Structures are given as C-alpha cells and as structure tokens.
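You will see subunit A twice below: alongside subunit B first, and alongside subunit C after that.
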Partner chain A sequence: MRIDVIVRYLPLFKKAALLTLKLGIIGIIFAILIGLICALIQYYKVPIIRHLVAVYIELSRNTPLLIQLFFIYYGLPKIGISTNAEICGIAGLAFLGGSYMAEAFRSGLEAVPDIQVESAYSLGMSPMQTAFYIILPQAISTSMPPFMANVIFLLKETSVFSAISLMDLMFTAKDLIGLYYKTTESLFLLVVFYLIILLPVSLLGSYIERRLRYAGFGS
Partner chain B sequence: MPDLGLDVLLKGKNLARLLGGLGVAMRISMIAVVISIPLGIILGALMTWKNPVIKAILRVYLEVIRIMPQMVLLFLFYFGTTRAFGIDISGEMASIVVFTLWGTAEMSDLVRGALIAIPVHQYESAEALGFNRMQTYRYIIIPQTVRRLIPLSINLITRMIKTTSLILMIGVVEVLKVGQQIIEANRMVSPNAAFGIYLAIFMLYFFACWPISMLARYLENRWRV
Partner chain C sequence: MKDILLKVDNIIKRFDNNTVLNGISFDVHKGEVIVVVGPSGCGKSTLLRCINALEPIQGGSITLEGETINPADKNLTALRQKVGMVFQSYDLFPHLSVLRNITIAPEKVQKRNPKEVEKEALALLERVGLRDRANSFPRELSGGQKQRVAIVRALCMNPDLLLFDEVTAALDPEMVREVLDVMLNLAASGRTMIIVTHEMQFAKAIADRVIFLDAGQIVEEGDPISFFEHPQTDRAQKFLNTFEFESVKNHEK
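Let's turn to the complex of A and B:
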C-alpha cells in the first residue's frame, strides 16, 4: 500500500462519496414520504388504493434493488420513459425503500393499542387530535428501531448504483482497479469511505433509539 | 401499443437460459444458507455466554460484516484475496464465501436476539421445578427460541436470494448476465428486448422470493408469542 497513491485518489473518492450521500439522502427522503403515505393508507384502510399499496409492497420487498434499477434504467426507456442515471438511482431507491419504510411505520401504528384511541375519543378528542397527540407519538417511538435499520440498509444499497454507471464509491473503486491495478489502495479507500458514511449513521441510530424508547408501559 | 420486446422471451431457448441463470444465483444462495444457518446458530449461542473475550470477538465480526455493503465485501474478497495472497478464486467461490460470512453474521444476531428475548424467569422456573441444564434447554428454551427464529431465518433466506443479484458485478454469469446476452444477441431483430427481458427477470425474482416471504409471514402469525 502506497501513501502517495492514496493521496492522489482521495479527491476522486471524496467526490464519489458526496454523490453516494446525495443520492442516498434524496432517495431516503422520498422513501420516507412514500412509506408514510402507504402506511397511513393501510392503517386507515382506504378502499381499493390499499390493495394497490399491498401489491406495491410485495413487489418491491421481494425483488432486489439491482434488478429494479436495471428495469428502470434499461427497460423503461424502451417504452418511452427515459431519464438520466441519477434520477433512475433515486427512483429505484425510493421504490425499494418506500415499502420497507411503510412496513416500519405500519408496525408502529399497529402497535398502538385500540384502548388508547378509544380513551382519547371518550375524553372528547377529535380524530385529528387523537392522531397527533395519541397515536403518532407512540407509533414513532415503536417504529424508530426498524426505521433506523432501514436508513442504514438503504444507504448500503446505494452501492448498487455503480451498475447503472453512476460514479459512486463502488464505481470509482472498480474503475481504478481496472485502469491502474491499484487494488489494495482502492479497496482500502472504498472501505474507509463507506465507514465514514455508515458509522456515524449507525451510532446516531442507536442513540436515537435509546432516546425515543418511551412507548409501552414500564420500558 | 409499443413493441414491448416480450416475444424475445419465447424465442429459442431464451426462457430456459434465463431460468438457468436464476438457477446459478439460487444455487449460490442455497449453499450459503445451508452453511451459514448452523454456523450462525452456534455463534449466536456463543454470543449469549458470559465469556467477555468470545463476546468481544464475535461482536467485532458481526459489526464489521454488517456495516459494510455486501457489494464491498464481494469486492474485498474477489479482488482483495487475489492481491493479498495471490489466490485466484473464481467469482462463484468468492460469492459463496462472502454470502456465508454475511449470512452467518446475520443469523447469529437473530439467534442471539431470540435467546435473550426469553425472560429470565423461564430459566428460574425451570430450575425451581428441578430441571437440570440440559432439560431446561430441551423442554423450555429451545422450543420457544425456534418459534421466534424460524420466520426470521426464512426472511433471511429471501434476503440472501435477493442479494445474490449482486454477483453480476464480480463477473459471475447469472440471470442478469444471461439477460444482457440475450438482449445483445437480439439487438437488431428486437430492439426493445431490454424492457421484456428485465421485466421477466424482475418477475422471476419476485416469484422466487414471494412464496418464501408468505411462508415466513404465515408462520409468524401462527406462532405469535
């Protein structure tokens, strides 16, 4: 391993890490939105749409991101839907993440016992008030551990983006290995940069989980 | 209606080739599952021991494997071992090793979680009833752990199958690669083959994983503890 090679490649990896992070964050935000909407549709049992949501969740949970990306990036342009690679990456991540987030939120919502809702109504709260003061605070607390696990999972999944020629960390590493045979240095930088991205999120996750563990009696 | 390129699927032996590609992915994930489940059970049980050294070592192994994207692990193994030790392992071998390492880590965490979820009073009650250590495990702890564990490990199997799609990136010829070959071969006659083929692969993966997920959910609901 040579230090000068590492120093020379550092800017390349920094750029790639920023791209990974950018696409990851945008994708995760969309995933949270989709997940929230889907979870609410399923919780309030909206007719018809709820079946569509169920189909979407099954489709997205039972297929790998790589296949979804290939379909979005190479398949869809054939029927006239073409965008650039970045948007495809974000769309893929949102498609995959939406269902995982929906499951996390739904489990949180369903963990709130009916008695809580009934008590709120008997105290004269409106459905809105019940949702905001009774259901959501407890649901958020319960769904926090799976939520954080999903965030980390989705950030890890961004490594697949290299398959649709986005210049992310994986792509950069593979490129450098292929071009200059600097395998050791490239792999080292790859691991270091993923650690820089993932370790703080992982630590933050366990911190938030500990802070938000207030739902449920006696815990 | 635009040409969806679905006709390519039925041409020649294309569908059979795709299924063969899926078979490669399945074989790799099944080998990894078969090795990593028993290993994971052993490591998971070891993790609940009081010995701090074993605990620390396993903890480090688990965290290192789990924080890295599986793709990075594949790269580390496929390119790294060749470079560091001069061993030339095939893409398939590298993916089996990586998925086994990863599966073992995930499985051991599931086992650990299931074991520590058993309340202490179960052990104490067993002791109070005069069960010895073996009997406690045989009649009290293992039956409860297995019920928690089976749905979770079935889910792990679907995750393994889904993750095997990544082996394309280290040059193993699996379903996506076969799909690419078919698309390239039919570039002239059927320019829209990409849509049909990738849709077909998408559905193949879905129908491989979906029944397994359903089984896991069914068992989970049935054995709700």
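Let's turn to the complex of A and C:
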C-alpha cells in the first residue's frame, strides 16, 4: 500500500463520500416521511388506503434495492418520466427505507397502551390532540432503536448506487481499480470513508438507546 | 332535593352477545357521593366507561345536566371536560413531568392561560402533599403518589363529576390510605363523585348512597348504614360475606 497513492486519491474519495452522504441523508428524510405517514395510516386503520400501504410495504421489503433502482432508473424513462441518476438514487432509497421506517414507527405506535389514549380522551382531548401530544411522542421514543438501525442499514445500502452510474464511493473505488489497478489503496479508502460516515451514526444510535433505557418509560 | 347532575336511564351495554349492563337507572345529584360495589366482572368499570363516553351504549340514555352523552357526538370533548376520570392502572403520561401531566389538558383543551393553570396545578399539588414533586417524572413516583397526581390532573379541569375506578386496587397496602384521604377531602369539599371500590370501610365512610351491582343490574341501592348493616337481598348479603370471610382468614394468619 502506497501512501502517496492514497493521498492522491483522497480528494476523489472525499467528493464521492459527500455525494453518498448527501443522497443518503435526503433519501432517509423522505423515507422517514413516507414511513411516518404509512405507520399512521395503518395505526388508524384508514379504510382502503391501508391495504395499498400493506402492498407497498411487502413489495418494498421483499425486493433488493438494486432491482428497485433499475426499475426507477431504466423503467421511468420508458413511461415518459425523465429523471436523473441522483433523483433515482434518492427515490430508490426512499422507496426501500419508507417500509422499514413504517415498521419501526408502527411498532412504536402499537406499544402505546390503550389506557394512555383513554386518559387523554377522558381529559377532553380530541383525537388529533391525543395523537400529537400523547401518542406520537411516546411512539417515537420507543421506535428509536429500530429507527437508528434503519438509518445505518440505509446508509450502507447506498453502496449499490454505483449501479446506476452515480459517482459515489463504490463507483469511485471500482473506477480506480479498473483504471489503475490500485486495488489495495482503493479498497482501503472505501472502507475508511464508509466507517467515517457510519461510525458516528452508530455511536449516536447506542447513545440514544442508552438514554432511552435509562429514562425507562412506563411504571 | 338538590339538582340532578347525571341521569342514567335504563342503559343497556353489550359486547357482542354478552349483555354487561342490563337496564341500569340511577340519578346523581349535585354534591352527592355514590359508591358502586359488586363482584368482579359485574360491569362496574363498564358503567363508568359508558358515563365517560369511552364505550357506546346499545340502549337507554345518559344525560349530564340535560345533555345526552353519546360517543358519536361532535360535542364529546366538551362533555368529557365536565367529567373527570381516574383509572385503576396508573395512567399518567410517562413522557411528561408531573406538572405538565396536569396542565396540558387545561391549556390545550380549555385554552386557559398557562400561567394561571400552572398556579392552580401547584396549589392542587400542595393540597395532596406533592408540591415538591412538580418537576418529577411519573417513573420517579410511588404508586400512591401517581394516583394522587392522576386525581389532581382530573381536578385541574374543574369537572362537575369525578369518576374513580378502583383507584387503590393496584396499590401496596401502605399507600392506599394516602389516596383515600385525598378522596375523603374531595367529598368533604362537596365534589360530586361516583366511586368504584373494594375498600368497604372507606365506602361506608364516604358514600351518601351505595349501589350494589351484580350481573349487570342494580340489585340493591341505599344509604351506606342500611346497605352494610342490613342488606336486603341474599346476593348483597353473600357479597358482603366474602369480605367478612377474608378478614377472618387474615386474622388467623
């Protein structure tokens, strides 16, 4: 392994890491929104729509991201929707992550005891007020551990973005290996940059989990 | 006789084919304390839940100051504000401080001035001996303290009627007293209450009227002395005997 090679490649990897992070963060934000909406639809058993949500969740959870990306990237232009690779990457991540986030939030919502809802009602709160002040705050904190696990999972999944020619970390590494055979240095940088992205998230995750366990909800 | 606050008129409550309340009628006058007793599963909790519109009824009517209580009603939240309820299980909101547990509904539902609500909440906490726990979280309180906070939370809405569903049943014995004392004070200050309890001594002390419920019907109703000393029906006699039997067993241990 040659240090000068690493130093030379560093800016390329930095740029790729920023792209990976940018797409990852935007994709995850959309995944959170989709997940929250789907979880609420299921929790409140909204007629008809909840069956569509159930279909979406099964579809999204039981197909690989790579295939979802291909569908979006090659399929959408076929039906006349033009788009670019970045938007496709974000859409793919949001499509995949939405279902995982929905499951995390749904388990949190279902863990809120009925008596909490009834207490709120008996204080005269409307269903909206009850959702906003009583159900959601409790549901969100119980769903924190699976939520953080999903964030890490989705950030890792960004490594398949290279398949739709996004110049992300994986793409950059493969490119450099293909062009100059600098396999060791490229793989080393690839691992290091993914660690730089994921370790803080992982640490934040265990911190939040510890805080929640300490807070010890309930009795 | 004082004004009628609550009128329960011939209500029927079914869960599927199981008729849990079968033609219950009684009136509650302003300032009256009603104690409901009866064997487990006879429908006491269900009765309170119907009064608070947490359960729809299949027949009869419940009216509070002339307004019908109906879970399908648009004015439901307005009616519920007039009825406070404390449950058997500790039901404080775990993510909110003691003070916030008490102030959130007066602020958000009744749109009252936050400063004024807070002042009232602290004064009420003072009265139940928990002024110094205002900033604690529910998990930091004992069962008895939680129930006292739950009572204050209901009180701070200034309800016309308070419902208590076996609020000491899940408590350790040494904590029962502190909660019952709070309720005795409320009775003394003229609050209208319906109390479901298994504490017979307490029932005798606090009740203006006792209602004995069995198998979804009112079997006996009267002033506490007559009910506890001279129950008229076999079923009431048998029910009261179960407590006697228990007290003998405890004595021999």
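Assume the second predicted complex is superposed on the first by the 211 of 219 C-alpha atoms of A that agree within 3 Å, B and C clash if a C-alpha of one lies under 4 Å from a C-alpha of the other, contacts with A are read in each partner's own complex, and residues count from 1 in each chain.
The definition used in the following text is that contacts are C-beta pairs under 8 Å (C-beta built on N, C-alpha and C of every residue); 3 or more make two chains touch, one makes a residue touch a chain.
Quantities reported herein were computed from a predicted structural model and do not represent experimental measurements.
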Inquiry  = According to the stated criteria, A:119 is in contact with first (subunit B), second (subunit C), both, or neither; which is it?
reply    = second
Ask   = Just subunit B (first), just subunit C (second), both, or neither: which does A:70 touch?
value = first
Request  = For A:134, decide between first (touching subunit B), second (touching subunit C), both and neither.
outcome  = second
Request  = Name the contact category of A:8: first (subunit B only), second (subunit C only), both, or neither.
outcome  = neither
Task = Spot which of subunit B and subunit C makes contact with more residues of subunit A, would you?
result = B
Inquiry  = So in the superposed three-chain picture, is A:211 touching just subunit B, just subunit C, both, or none of them (first/second/both/neither)?
reply    = neither
Query = Can you pull the subunit A residues that subunit B and subunit C both touch?
reply = none
Key: subunit A residues touching subunit B - in the complex, by the definition given at the top   = 58-59, 61-64, 66-68, 70-71, 74-80, 152, 156-160, 162-163, 170, 173-174, 177, 183-184, 187, 190-191, 194-195, 198-199, 202
Request  = Under the touch definition given earlier, write down the residues of subunit B that touch subunit A in their complex.
outcome  = 2, 4-5, 67-72, 75-76, 79-80, 82-84, 158, 162-163, 165-166, 168-169, 176, 179, 183, 191-192, 194-195, 197-199, 201-202, 205-206, 209-210, 213
Task = Name, in rising order, each residue of subunit A that touches subunit C in their complex.
result = 115-116, 118-126, 129, 133-134, 137-138, 141, 215-219
Task = Within their complex, state which residues of subunit C touch subunit A.
result = 52, 54, 77-78, 80-81, 83-85, 87, 89-95, 104-105, 108-110, 139, 153-154, 157
